[in-house]
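Two complexes come next, and they have one chain in common, chain A, joined by chain B in the first and chain C in the second.
Now for the complex of A and B:
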């Protein structure tokens, strides 16, 4: 009896040692496949794209290195310049307008109004749609012969004209409209969460000191939301740089190539024109643009963490 | 890539040298994007014909009209050493695939079937790499067609224009009566298709070939090209304002409904008229694009044949190549697709009048040099140069103050940088 009683205890001790080891190793084991996949699938291919951007790869990868020739070609390409300029216009307006609308909506919603939940859902809802759906719907709305312009004409306002979608000088602004419609509700949600996190006693103290509500928001609350502001810019900048589906659905880069964004340029050259080297070079420049935003952000974030 | 190519060639040679004793049924895997309407019916017919010969058919259809998705899949398959037997590749892309050593020679079939006699040399040149057939042409599309709604023309009291000057005259009258003179979709390839027709009319076949096939800078950067651009701008001024992004078949629909009078488009547009149950010659007219009478811009669909390793599969692949060019399939396929057969010895009795007219011009232009490859559809130049020309052309069309002289310089610079 004694003997048999002792054995389970020994087994338990051994297995608890095993469990300890497992417990130490389990987290690493669990995340290992993810790390390997991310390592190969993201960073590995990023490196490969970098390598390809220095070769003269046409429609299949080749390893004839040509130095910076693809980058030089890119800089001379009129279409790339249009795409970069469009990104500046689109990114600047998209981020700016989204932030403005998002902050204003969040402040309005923060006034303890009735039916806040329902209204919040309505504003946030566009985020649930894919960019393809948004793009298609806005294409229909803005198409002069189907949408808004026709509606106004049918209602009798025949001098009404809104042809930005088919006008190569203004088409990029229609993309901004659709993107703002889609993303400003999301920014609102971020700011609303931030506003709710502000300590009410600060506001009460400011009230006691006689500050008006706009001053309280402008001088006290919004400055305290700096981290929210930064995260919103990060997310929006990221959406702007990789924006592809919205343009494809709304204009396919047209009229002409007037609404090309770098991502559209990259796709067209790598996959339809058989210019993998040039496409890779443009992809590397896009990566560079994202890093230029990301590195200072991460740096400031991590530095703040150290100070805490 | 060179060792890869050598290995593949070695493989192909050893496969070809193997004794042909075992006559077993092989499998052909065919990559295509004929997934809708008449095209799908045509593909099904080819499948049946192959199965009658005892081979099994593995369909590798990747939807998406332009075939971009299909090309991506094909590249992956080819690089991993597992290509399909045949893939729908056209124009100069055939040469690029052949250069990488992926394609197999079809000379044994070509010799026994006498392809050199059946196919005009302009077209067989595109199918050959270093003198060997590596692809089979399926059909010939004529790109320089003008599609006309005769009721609209009658209403305004004008005739179908045969020159660009007549076109402008007719278009002015149509515009005055409230019709859209030219139906068009503002997509780069459609802009280029119209440009293609105007360039042929202005330059003539010889200079067209020099500019878009040989890229002779004396023609590209010349006053003649400036003239092409300014005439092109004038043609495009008769398009309505909402054309941006419109699909070609929507534009054809405008002609069918009588909102617009004419459209410059290849003969695949006929499918739309047929689907609307209209009769050529009565409900709609097909005429050569203004100023290109007797000339023929061709766009040829083809199957490139990949190097395979299994003896039976190679046999099946050769049978496929032979079947594609047989009169039976040529008739059936082209009646469904709106194009004309590649073989010039075919009986055209069962085809409609547009196809018959197309065939007549095809034969006569092959004799007198009026037959030119269409640059806007990838038959004249590589996809990169083609893309560069598209950029210049579409930018010109959409610019708020088009400048023909400046655009000519841009065209020359763009082609030069891509060469």
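Now for the complex of A and C:
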């Protein structure tokens, strides 16, 4: 995200001649396909979805404009409210727990641990898996009759019962568990990289002054890792808002629609329930949520760069 | 900073190792459960528990998942979908990486009026939730006759992957001194000569990062697969989800787990062989920005 403003290396002094004219156009020709693909595929389609969100499109796109009616309908929809509330619960817990686990593991791993490389590899491998695989496994582990419950019964804890996966009040928390399992190692990796960048002389000085190690971490090191903290939140929030695969694999939004997230709502209404207008409106609100996060983040990033 | 903190005393060292090893177990157990369940008989699954070893080790779950299990209406296993995923992933990864390399080269070494704006647009494109492009893309693929084809999926993955690959290469090439390029130009080297003779030989690490990142992303994708493909052209992630959610007959968890392992193996192998580059790709977008 850094914008190093250097003078163009090549295009400095263009002399005349056919070859040189070609050389001047080549860079633009090379990036043109990407420019066109991304221009249409991201920005054009974003606008198109925006337009559809103001229409009463159902099974096929139509262009009867109904103003903000779809957004009004969305706000009154019980299912959308559940999806939004789930996103708040899921996002909040997912980000909070991932940060906690990530920071603790990173600090512990930074204490001259033997076999650090192997341990790091173990913490991070879930990030290489598809969320569908993660969902399939966790769905099996949390299976109400044959999974964790049976394991505990076999181990002698016969009164143990765990039916969260099929309990509409608690199912969303099983999604949090699986998501934390998958992404917390990634936060660990980010913080470990941050810790390795801390200047050792600061810590040495604090120790000379008699500060204990926990105090040094809490008062000096963690505050200095603020940028890592922000980028972790940014990436995790991004994962949370887009989360779709994990819910589809674990509960398909159920029981009922108790584990719907906005992404699942959007998919269901746009592609299976024939309410394209409503689906488009929900997609636009998801974009809005990302923008609300992204703009302050980019702003602070750029401002920090200027202060450097 | 490691040399500063060696002065912990014994009990705290033990506690630290205890926590780290416990965490290792927590991360590993789902994989272990997935593996041992896949080698059990359905009988074993009903009588044993998650962590019990199979009494009879059998590859029945694996062969059934590979060639017989039902993924919706057809019952031919995940074999065909596994190859679909390869047919989709390999070209998409190669094309998006190549495009990204050239884009990164231009946006760092051949800046023109508007190139910074273009870079900003690509950067923003990394963050857009794909839900806002699904519907128009589905309509477009339909018009182009690419709906439900692997070619259509390749196109989609190239479009939405090229922002990331461009970011990788641009940030990598920015760090290479401009003087090198200037000198080559004075010697009469052109656009492509400079790229192939000077930058490409320096680019192995970033090519690895881009290839591995794209491979993992595209192989693991579910959203595009489920929206833009149907029936015979579906990737493995969609087939796995269908297999697990197919409700006909008795649930066979050994088959589910074997199918999940099959879907996970390619990216796991890549992670084990080239994890260093995978981690670099993960952190490239967030730490350095």
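Heads up, the rule we're going with is that the second predicted complex is superposed on the first by the 276 of 308 C-alpha atoms of A that agree within 3 Å, B and C clash if a C-alpha of one lies under 4 Å from a C-alpha of the other, contacts with A are read in each partner's own complex, and residues count from 1 in each chain.
What we mean here is this: contacts are C-beta pairs under 8 Å (C-beta built on N, C-alpha and C of every residue); 3 or more make two chains touch, one makes a residue touch a chain.
Source: prediction; values computed, not measured.
Undergrad: Which partner chains sit in contact with A:165 here, chain B, chain C, both or neither? Use first/second/both/neither.
TA: A:165 sits against chain B, while chain C stays out of touch.
Undergrad: Check whether A:271 is in contact with chain B, with chain C, with both or with neither, and answer first, second, both or neither.
TA: A:271 sits against chain B and chain C alike.
Undergrad: Please indicate which partner A:62 is in contact with in the superposed arrangement: first for chain B, second for chain C, both, or neither.
TA: First partner only, chain B.
Undergrad: Touching A:247, do we find chain B (first), chain C (second), both, or neither?
TA: neither
Undergrad: Thinking of the overlay built on chain A, is A:258 touched by chain B (first), by chain C (second), by both, or by neither?
TA: Only chain B; A:258 stays clear of chain C.
Undergrad: Contact-wise, after the overlay, does A:176 reach chain B, chain C, both or neither (first, second, both, neither)?
TA: In the superposition, A:176 contacts neither chain B nor chain C.
Undergrad: With both structures fitted on chain A, tell me whether chain B or chain C touches more of chain A's residues.
TA: Ranking chain B and chain C by residues of chain A touched puts C first.
Undergrad: Quick one: is A:74 in contact with chain B, with chain C, with both, or with neither? Answer first, second, both or neither.
TA: Neither partner.
Undergrad: Hey, what residues of chain A end up touching chain B and chain C alike?
TA: Shared contact residues on chain A: 139, 143, 252, 271.
Undergrad: In the complex, go through chain A and note every residue touching chain B.
TA: 58-60, 62, 73, 76, 78-79, 139, 143-145, 163, 165-166, 168-169, 171, 251-252, 254-258, 268-269, 271-275
Undergrad: Can you name the residues of chain A that touch chain C in the complex?
TA: 1-4, 6-12, 19, 23, 26-28, 30-31, 33-35, 37-39, 41-46, 48-50, 52, 61, 101, 104-105, 108-113, 119, 121-134, 136-141, 143, 146-148, 150-151, 153-154, 181, 185-186, 189-190, 193-196, 198-200, 203-204, 207, 213, 228, 231-232, 234-235, 238, 241-242, 244-245, 248-249, 252, 262-263, 266-267, 270-271, 276, 279-280, 282-284, 286-287, 290, 294, 301
Undergrad: Would you pull the chain B residues touching chain A in the complex into a rising list?
TA: So the residues of chain B in touch with chain A come to 1, 66, 68, 71-72, 75, 78-79, 93, 96, 100, 186-188, 191, 241-245, 382-384, 386-387, 391, 394-395, 397-400, 410, 417.
Undergrad: Could you list, by residue number, the parts of chain C that touch chain A in their complex?
TA: The contact residues of chain C facing chain A are 1-6, 8, 13, 16-17, 19-20, 23-24, 26-28, 30-31, 33-34, 37, 45-46, 49-52, 99, 102-103, 105-107, 109-112, 115-116, 118, 121-125, 127-139, 158-160, 162-163, 166, 171, 174, 178, 181-182, 185, 190-192, 194, 216, 219-223, 226-227, 237, 240-241, 244-245, 253, 256-257, 259-260, 263-264, 267-268, 270-272, 275, 278-279, 282-283, 285-289.
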